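Presented sequentially are two complexes of chain A, the first with chain B as partner and the second with chain C.
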Partner chain A sequence: MSLITTLARLEAVDTGRAQPLATVRHRHLTDRPLVLVPLTTAGEAGAPLGALVGTDRDAPRLLIVPQPRDRDLRFAFLAELADIVLPYIDDHAQDVGTAERNETDPETGKRVKVEVELCADAPQLIVPSRAGIDLVRLLGRSMRFRRTAEQDPETPHPAPPRVPLLGRWLTHYGERARVPGSSLLTALTDVLSRHWATGQSTLEDQHLGALLAWIDPPEGGSGAEAALRAELLRDARGQLVCPPAGPSTDPAFDNKLLAPAIERYDRARTALAAAEDGVEADDRLGELTAAERHIRDLVASRTRPTWDAVWHGLDLLRALPEGPRAADRWTRDRWSFTGHRDRVLAGEPPQPRRDDAVTAANKLATREREQARLEAQEALDDPLVMAGRRLAGEAFAGEVTDVVMAYSEGKRPSPRPLVTVRTDDRPQLGDRVRVYRSLGGKPQTAEFVGYEEGDAAGSPPARTSPGPEGAPDPAGSPGLPCPGGALVVLRVLDKMGRGKEPEPGSVPEKGDLLCYTLFEHEQRGGAKLPDPEDTPWTHGGPPGETDAAPRPDAVTDEDVL
Partner chain B sequence: MDKAVLASALGAPSAFGQSQFAFMRGNAFEARVKADGGTELLRLVHENLDAAAEPPASGAVPDLGAVGPEGRTARTALALREATASGGWTLLDHPMLALDVADSPAFLEPDAVVVHPDGSWTVVEIKSFPMLDGSADAAKVGAAARQAAVYVLALERVAARLDPAPEVRQTVLLVCPKDFSNLPTASAVDVRKQRSVTRRQLDRLVRVEDIADALPEGTCFAPGLPPAELTAAVESVPAAYAPECLSACELAFHCRARSRARGAVTTLGRSLRAELGALSSVDDVLSAARGTAGDPADPTVATLRRAARLRAEALGPAGTAGAGTPGTPAPGGGNRATGDDAADEAPRPAGRAARTGRSGAPCH
Partner chain C sequence: MTTVFDPGAEAARATGAILRDTLHGAHRGVVVDSPPGAGKSTLVVRAALELADAGRPLMVIAQTNAQVDDLVLRLAERNPELPVGRLHSSDSDPYDKALDDLPHVRKSAKAGDLAGLDVVISTAAKWAHVKGVEPWRHAIVDEAYQMRSDALLAVAGLFERALFVGDPGQLDPFAIVGAEQWAGLSYDPSASAVTTLLAHNPELPQHRLPVSWRLPASAAPLVSDAFYPFTPFRSGTGHGDRRLTFGVASDGSGPDRVIDEAAESGWGLLELPPRHTPRTDPEAIRALALVVRRLLDRDGAAASERAPGATPLTADRIAVGTAHRDQAAAVRAALAALGVPDVTVDTANRLQGREFDVTVVLHPLSGRPDATAFHLETGRLCVLASRHRHACIVVCRAGVAGLLDDHPSTEPVQLGVTVKFPDGWEANHAVLSHLSEHRVPWTP
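Take a look at the complex of A and B:
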C-alpha cells in the first residue's frame, strides 16, 4: 500500500466515508454483464446450494439444490446453470469482427499479417467477492472432465449434456481472472476497493455489504456505522440482516434455518417414495413441493440482498468515466475469449489437470507482463495513480523552462534537443536513466543528462537510496522541498521524425506542463519459449503422450461436487 | 475462561460458529479414513512416509479410553510405550497429549498418531478440504501444519520421558479427500519450520501468573458483571489489535472497537505502523499531513505532506477532505499533463489493437 493510499484510508476513517483512489474506472464493464451470486453448502469442498444468476437486475433466475448431497439434484442445478450461461456466451461468440495479427508463416518462417476473427464483445461474468472467483474455478474443474451419456455410454453417473462444456468455460474464466487487469471474470469487492479507500482494513473490505456502506453511506449517516451494521447486525432470530456475499453461508443460517428445511425436504422425499397409492402420492408430492419451495425462499432471502448489492456496486462504478487504456486491456480479454472459443470449436480436449512446463511458464510470463502493463497504464490514465508513482520517485511532473537544440554526432546528425524541466518531485534519476512521456498516445524517450544549477534550485536532491516507501533519503536536505524545485535536464531521443529538423509538435516547448515516467509505457514480450515438444530435460522434457480425452475423476457415492 | 461468552457480555459477540453441515462432513470423512481398524490410514502412512518398512498387514488399535483428560493422557503415554516396544504398526485414534502453555497445562487431541515398526511416531492430521489434482489450498495446509507442529512438540515431551527416547518424525501426514470424492489421499508435510516457530513462541509466552500479577487487585472477568466494570477489567490486560485477529480470536470485535475508538492506525493493518513511524494515531497522521502538527524535519512527516499535496493536486479543486496544503500552488504537472495525453489516446488506431492483441492472446 503506497502512502497515498494509506492517507486516503486515514481520511476515510476521519470523515466516515470512503475516499477516492482513482479518478477514472480502471476496469471495463460491458453493457450486459452476467451476474452470478452463488451459495455453497458448508463443508469445505463447496457443493452448490443455490445461485442467483442473470443479466437482468430485475429478473434474476434462482437455482437451488434442495439436498446438496444428492448427485442428481446437483447435476440438475449445473444443467440449469449451463442453460443460462452457455446461451449468453454463444451470443457473444457469434458476433465476430475481423482483426489482423502477426503470425509466423510455417513455410517461409517470416512474420506475416493474417486476418483472423475477433469477437466484437466478450461475455463478462461478475461475482460478489474473491471467494466467488475461487468457486467458479472449482466448478469449472469439477465439470470439465465429466462425461455425458453421449460421450461415454458406460460412464456410471453421466453428466447432463453441456455441463462439461460449461466446465471448460468456467475454467477458462477462472484462469483468466488470474491475469492482472483482466475483467472477463471480476469480483466486485476487488474492483470497488481498487477505486475507493475505506476506513477499514483490506481484510474487512472483502465484505461486500460493509464495503458498499463505506462507499455509499445512507443519507446523512456515517459510512463507518453503516458498515458496522452491515457486518454484525442480527435480527430477532439471530440471522444477519445483511447476509454474507457468499459463497459460504453464515453458520447461524445453516444451523437454525437451512438444516431443518433440508431435513423436512428429506422426510417428504422418503414419504413420497414410500407412498402406496396415487392419492397418497399426490398429497406427499404436495408436501415435497412445499418443502422445496421453503428452501427456495431461504436461498432467495440470502442471495437477493447480495444480488441487489452487486448491481448497486456496478452503478457506482459506472458513474466513473472509463480510463482510456482500460479498453486496450478489454481488447486483450476479447482475444482471450475468442481464442478459447476457437479451441472449443476445433474440438480440442478440455484444459489438462496440470499444465506442461512451457504452458505454465507462458502463463506466468503473461501475468508478469500484464501486471507491469496494468501498473503503467493505470498511472497514465489517472493522475491520482500517477501521484503515487511520483511520490515513489518513479515519475515526475513539471514545467519546461528551457529547450536548447542539439544534434547527435555522426554522419547524419539527428536532433537531440535538451529540455529543462522544473519539478518539485524527486525522481530517482541516475546517470543516463531513460524517461518516457506520452506523445499522442505513444511513448517518447528521453534520457537524463543532469541537474542544472539554476537560479532557484539549491543543491540537487539526493539521487540515491530511496527509503522503504521510495521516499528520497532526506540526508543533506532533510525532507524540505527545494524552494523552486529541481531543474532536470533531459535529452530527447526519438519520435522526432527522420529529418534534420524535428517534426512540429514533437519537441516540448517552453511553458509546457509535462509528466515523465521512469517506467516504460509499453511492455515488451519476453524471450520466446520453445514448443512443448521441445521442452528441455531441465524442465521435465517433452510432456509425452497426452491422452486425447483426459480421464474423468473417480466417482463415489459421497461426492460433494 | 470462555472468551466467546465474555465477548457477548461485552456487547461484541464473536462471529465464530461451525455449520452442522461442515461438522458432519468432517466427521464422516474422518470415520471413513479410520474405518476397518485404520487399514486405509496405515496404508497411506506406509506409502507416503515409510515405504521401506514392512507393509502394515494389520495394525493394532489400542483402546485409549479413560476418565478425564489427565487419565487419557496417561493412558496415551502408556499405549505409546507399549506400541513402540511391540515393533509393529499401531494406530492411536484420538490420543490425548499434554503441553505446557505459559506454565499451565493444555490438553491436545490429535486426529491420530501412528507408531511405525521402527518405533518412531508420526502425527496424522485429517482435514476435509479437498486435495485437487495433488494440491490443496495453501492457507489451509499452512494452518494444518501449524496445528500438527503443536502435536509434534507435545509428542516430543512424551518421548523424552521414555528410555530410549523414540524418534518423533518431523514430517506429518496430511490426509484429505481426493478431488471431489470422499476417497482419502495423503501428502507428507514437513513441519520442522512450524515446529521451531511454535516452540520459540511458546518459550516466549509470558507466564499466565505474571500477567495475573500485573493486574490490579480484584480484577474479575465474570460475564455476569455490569458491562462497564467488565470492560474496565478487560482493558487492564493490554492487547495489540490487528485485522488478523478477526479470524483468530473471539474478542476481536471488542478489541477492534476499542482500537477504532483510540484511533490506532494498526486498525487498518499492521503494515501501516512500518509506514508511519512514530505517528500511531489517525489524528496524528492527518494533522501532520495537513501541516498543522508534526516536525517538518521528520522524514515521515515530510513525506506525508508531499503525499497529501500530490493527492490533493491529482484530485483537483473538487478534491475531497481538505488534504491540500495551503500556500504553494501545485507546480502544474501531473494533472494536466496526463489528462492531455489521455485525450490524445482515445481515438486509437485499429492497427494498434490488433498488434497488442497478439501478445496478449497466446495462453489464456
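Take a look at the complex of A and C:
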C-alpha cells in the first residue's frame, strides 16, 4: 500500500467517511452493462443457487435452481442464463466498425496496414465482488467442454444447445478480468475501492454493503457505523439485513430458511412422482409450484439488495468524469472481445484446459505490460494519483526557473537544452536518470544532470541536511531538502524536431509549471515469442494435440478408499 | 585416515567435470549451481574460451547490461586476441565505454553484423529480438536462476546446447502481476529458467561449485547452513587468512563497537530499540550512514590471501544493502549529508553478483509491523548476507525474532510446485540467532 493510500485510510478512520483516491474514473463503464448477481449453494463447488441478471435496473431477471444438487435443473439454469447473456453479446458482436491493424504480410514479410473489423462497443459484465469473478471463471470452465446432442449424439449427458458457447464466453471474460486495467468483466468492489479509501481493511472492502456504507453513508451518519450495521445487523428472524453480495450465502439463511424450503420442494417432487392419477397429480403439482415459488422469493430476497447496491455503486462511479486514457484501455477490451468473437465464428475449439508454454508466456507479458501502462496512465490522468507517485519519489512537479540552450557534440549538433526546475518534491534521482513529461500527449525525455547550487531560497540537498548530531528528519528521509525546494537541472533529449533550432513550444520556458515522471509513459512491446509449434526443447517441445474434450483424471487408490 | 580439505583441488575437480560435460557430454544442457562467490564468472569465462578454442560458435546470455560488459572485459583480459561481439540495444549509451578500447571487440545493435565471431554476448532481453539467424552450436546462460522461464522461452530457439550457470540461493525472478494460474505447470512463465529446464529435462547433468572464494571462514558456514542446507559449501580461506584492522581506536560509540565486533568475528548486529517505523526509518538510516562514515574515518585496512600486505579500506570496497529502493535513496542522501561519496548503496536485487570487503545491511524486517512474503524471501536475506569478503554489519530494530514468531509463512501451498527449502522464515531465524551473538546496542 502506498503512503498516500495509507494517509487516505487514516483520514477515513478519522472522519468516518471514505476518502477519494482518484479525481476521475479510471475504468470505462458502458451505457448498458449487464449486471450479474449470482448465488451459489454451500458445500458444492460452483453449484448455482440462483442469480439476478439483466441490463435494466428496474427489471432484473431472476433465475433459480430449486434443488441445486440436481444436474438437470442446473443445466436448465445455465440454459436460461445463456438465453440472456448470449443475445446481449450478439447485439455487440454484430455492430462492427473498421479499424487498421499492422500485420506481417505472409508473402513479403513486411509490416502492412490491414483493415479489420472492430466491434463498436463491447458487452460489459458487472459482478458485485471479486468472488463473483471467480464464479464466472468456474462456470466457464464447467461449461465450455460440455457437448450438446447436436455435436455428439452419443454423449451420455448432453448439454442444452447454447451452454458450451456461454462457457467459452465466460471463460474469455474470466481471463480478460486478469488483465490489469481491463473492464470487460468487473467486480464492483474492486472498482469502488480503486476510487475511494475506507477506514477498514482491503479484505473488508470486499463486502459491498459495508464498502458503500463508507462511501455514501445515510444522511448525516457516520460511514464507519453504517458499515458495521451493514455487516452485522440482523432482523427479528436472525437474518442479515444487508445480505452478503455473494456468491456465498449467509449460513443462518442456509440453515433457517433455505434448507427447509428445499426440503419442502424435494418432498413435493417425490409426491408428484408418486401420484397415481391426474387429479392427484394436479394437486401435487400445485404444491410443487408453491414450493418452487417459495425458493424464488427467498433467492430474490437475498439478491435484490445486492442488485440495488450494484446500481447504486455504478451511479457513484458515473458521477466521476471518465479519465481520458480509460477510453484507450477500453479500446483494448474491444479488441479482445472482437478477437474472441472471430475465434468463435471461425469454429475454433474452446480454450484449452491449460495454457501451453507460449500462450502462458504471452499472457504474462501482456499483463505485465498492461500493469505498467495502467500505472502510468492513471497517474497522467489524475493529479491525485500523480501526487501519490510524487510522494513516493517517482515523479516531481515544479516551476521552470531557468533554460539554457546547449547542443550535443558530434557532426550534426542537436539541441540539448538545460532546464532548471524548482521542486518541493523529493524525487529519487540518480546520475543520468531518465525523466519524462507529457508534451501534447506524447512523452518528452530528459535526463537528470544534477542539483544546482541554490540561491537564497534553495540549496542542494546534500548540504542542507542535519549533521549526525541533528535531530532526525521528521518526514522520514534524512538528508533531503529543504524549505524553498531543490533546483533540479535536466537535459532535454528529444521531441524537438530535426533542425538545429528546436521547434517552437518543444522546449520548456521559464515560468512553466511542469510535472516530470521517473517512469515511462508508454510501454514498449516485448519481443515476439516463438509459435507454439516451435516451442523449444527447454520447455518440453511443441504441445501435443489439444484435446477438446479432456479425459477425466485417472482413478487412483485414494478414489476407492 | 583423514583427508584434509583442499579447496583449490576440490574446486579444480568440479570445474574439470563441468568442462568435460560441456565440451564432450551427450546432453543438450549442463546446469551448474554456484554458491555466492564460488567463481561463477571465472567458470563462465573459462568455458567460453575453451568452447571458442574448440571452434564452436558461442552465444552468451546474461541478464543485465552491466553483467554483459563485465563478461566482455573479463574475456578480453584473458585473451585479448579473441574476436568477441557485443550485441547491444539501440538506446543511447548502450554499453560500457571501456569496451571501445578493446580492438577485437565488435559492437553492434544487429546480430547480422556480428555473424562469424567466436563469441557473441548480450542480454536475454536483446537476444529475444534476434530472429532468422542460424542457431549457435553452443550457449552459456549466466545467472540462469535469475532468468525467468519466459525469457528462456524467447531465446532457446537460438542455440542447440547450453551451459546454465547460476546461484539457486539468490532472489528468484518475479512478475509484477499475479501468475498463480500457472503455478504447478512445468513451464510456469514466472518460474526460473532452470526450474523449467529441469522439469522438462530431468536427465541433464547438474554440477555444483563446492568452494566460496569470497565469503570468509566466518561467514561460509552460516550462509551454507542457513541458505544451502542440502548443498553445503566451504570457504576457500581459513580463519587466519583474512584480517580487518583499524588505525584509529574505537571511541566507544555504538557504531565503533559494532565495527570492532565485525572486524573481530566477521559479523556485527547494531540493534536499535524496538519501534514500528516507516520504511525509511530515519534513525536506522542515520545509524547505517554513521557506521559507514566511521568505517572510513578509522583508517581500515584489509589483509587477505590475495594481498597479504593490508590494503586500505576505501569507499569503493564498502556497500550498503537494503530491501527497498526508497530505503536505498534515503541512505544515499544520508551519506551525502555526512560527506561520504562513492559508497555503493543499492537494493538486494541490484547487489546480486557483486562483491565488497565490508557490507552494511539494513535488515529487511527492521521496524516492520508485519512480515510479508517479500520481506521473508530467502534470497533477499541471502544476497544481503553474502556480498562481503571480510565483514557484514547488520542494522536492525530489536524485536524481529518476536515478529517472525508472530508471522509464520502463510503462502498457499500450490500443487505441483516444488517446495523450496529452507523457507524464509527458517532462514531468517537461523541468521538472526547467529547475529544475536554479535549484538551491540545502539548508543550514539
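Quick note on the criterion: the second predicted complex is superposed on the first by the 521 of 561 C-alpha atoms of A that agree within 3 Å, B and C clash if a C-alpha of one lies under 4 Å from a C-alpha of the other, contacts with A are read in each partner's own complex, and residues count from 1 in each chain.
Here is the rule we use: a contact is a pair of C-beta atoms (placed from the backbone, for glycine too) under 8 Å apart; a residue touches a chain by one contact, two chains touch by 3 or more.
Please read these numbers as outputs of a predicted model, since none were measured by experiment.
**Q** Contact-wise, after the overlay, does A:A357 reach chain B, chain C, both or neither (first, second, both, neither)?
**A** second
**Q** Touch test for A:T41: chain B only (first), chain C only (second), both, or neither?
**A** After superposition on chain A, A:T41 lies in contact with chain B alone.
**Q** Which partner reaches more residues of chain A, chain B or chain C?
**A** Comparing touch counts on chain A for chain B and chain C gives B.
**Q** What is the contact status of A:E11 with respect to chain B (first) and chain C (second): first, second, both, or neither?
**A** first
**Q** Between chain B (first) and chain C (second), which does A:R141 come into contact with in this model arrangement: first, second, both, or neither?
**A** First partner only.
**Q** Between chain B (first) and chain C (second), which does A:Q428 come into contact with in this model arrangement: first, second, both, or neither?
**A** Touch status of A:Q428: second partner only.
**Q** A:A79 contacts which: chain B (first), chain C (second), both, neither?
**A** In the superposition, A:A79 contacts neither chain B nor chain C.
**Q** Based on the superposed arrangement, let me know which partner A:A275 touches: chain B (first), chain C (second), both, or neither?
**A** In the superposed model, A:A275 contacts neither chain B nor chain C.
**Q** Considering only the contact definition stated at the top, list the common interface residues of chain A for chain B and chain C.
**A** Correct list for chain A: 3, 354, 363, 467-468, 474, 478-480.
**Q** Provide the residue numbers of chain A that touch chain B in the complex, in ascending order.
**A** Residues of chain A touching chain B: 1, 3-4, 6-11, 13-15, 19-20, 23, 41-45, 68, 99-102, 118, 138, 141-142, 172, 175-176, 179, 182, 199-204, 224, 232, 249-252, 254-255, 258-259, 323-325, 327-328, 331-332, 334-336, 339, 353-354, 359, 362-363, 366, 369-370, 379-384, 386-388, 390-391, 395, 397-399, 422-425, 437-441, 467-469, 471, 474, 478-481, 485, 513-515, 525, 553-556, 558-561.
**Q** Given the complex with chain A, which residues does chain B contribute to the contact?
**A** That would be residues 15, 17-22, 24-26, 28, 127-130, 132-134, 140, 177-183, 243-244, 246-247, 253, 260, 263, 265, 267-269, 271-272, 274-276, 282-283, 285-286, 289, 296-299, 301-304, 306-308, 310-311, 313-315, 320-321, 323, 331-339, 341-342, 344-346, 348, 350-364 of chain B.
**Q** Which positions of chain A touch chain C when the two form their complex?
**A** 3, 178, 180, 354-358, 360-361, 363-365, 367-368, 371-372, 392-393, 428, 430, 461-462, 465-468, 472-474, 476-480, 493, 526-530, 534-541
**Q** Name, in rising order, each residue of chain C that touches chain A in their complex.
**A** 28-29, 92, 125, 128-129, 131, 149-150, 152-154, 156-157, 175-179, 181-182, 185-190, 193, 196-197, 199-201, 278, 280-283, 285-286, 289-290, 293, 325-326, 329-330, 332-338
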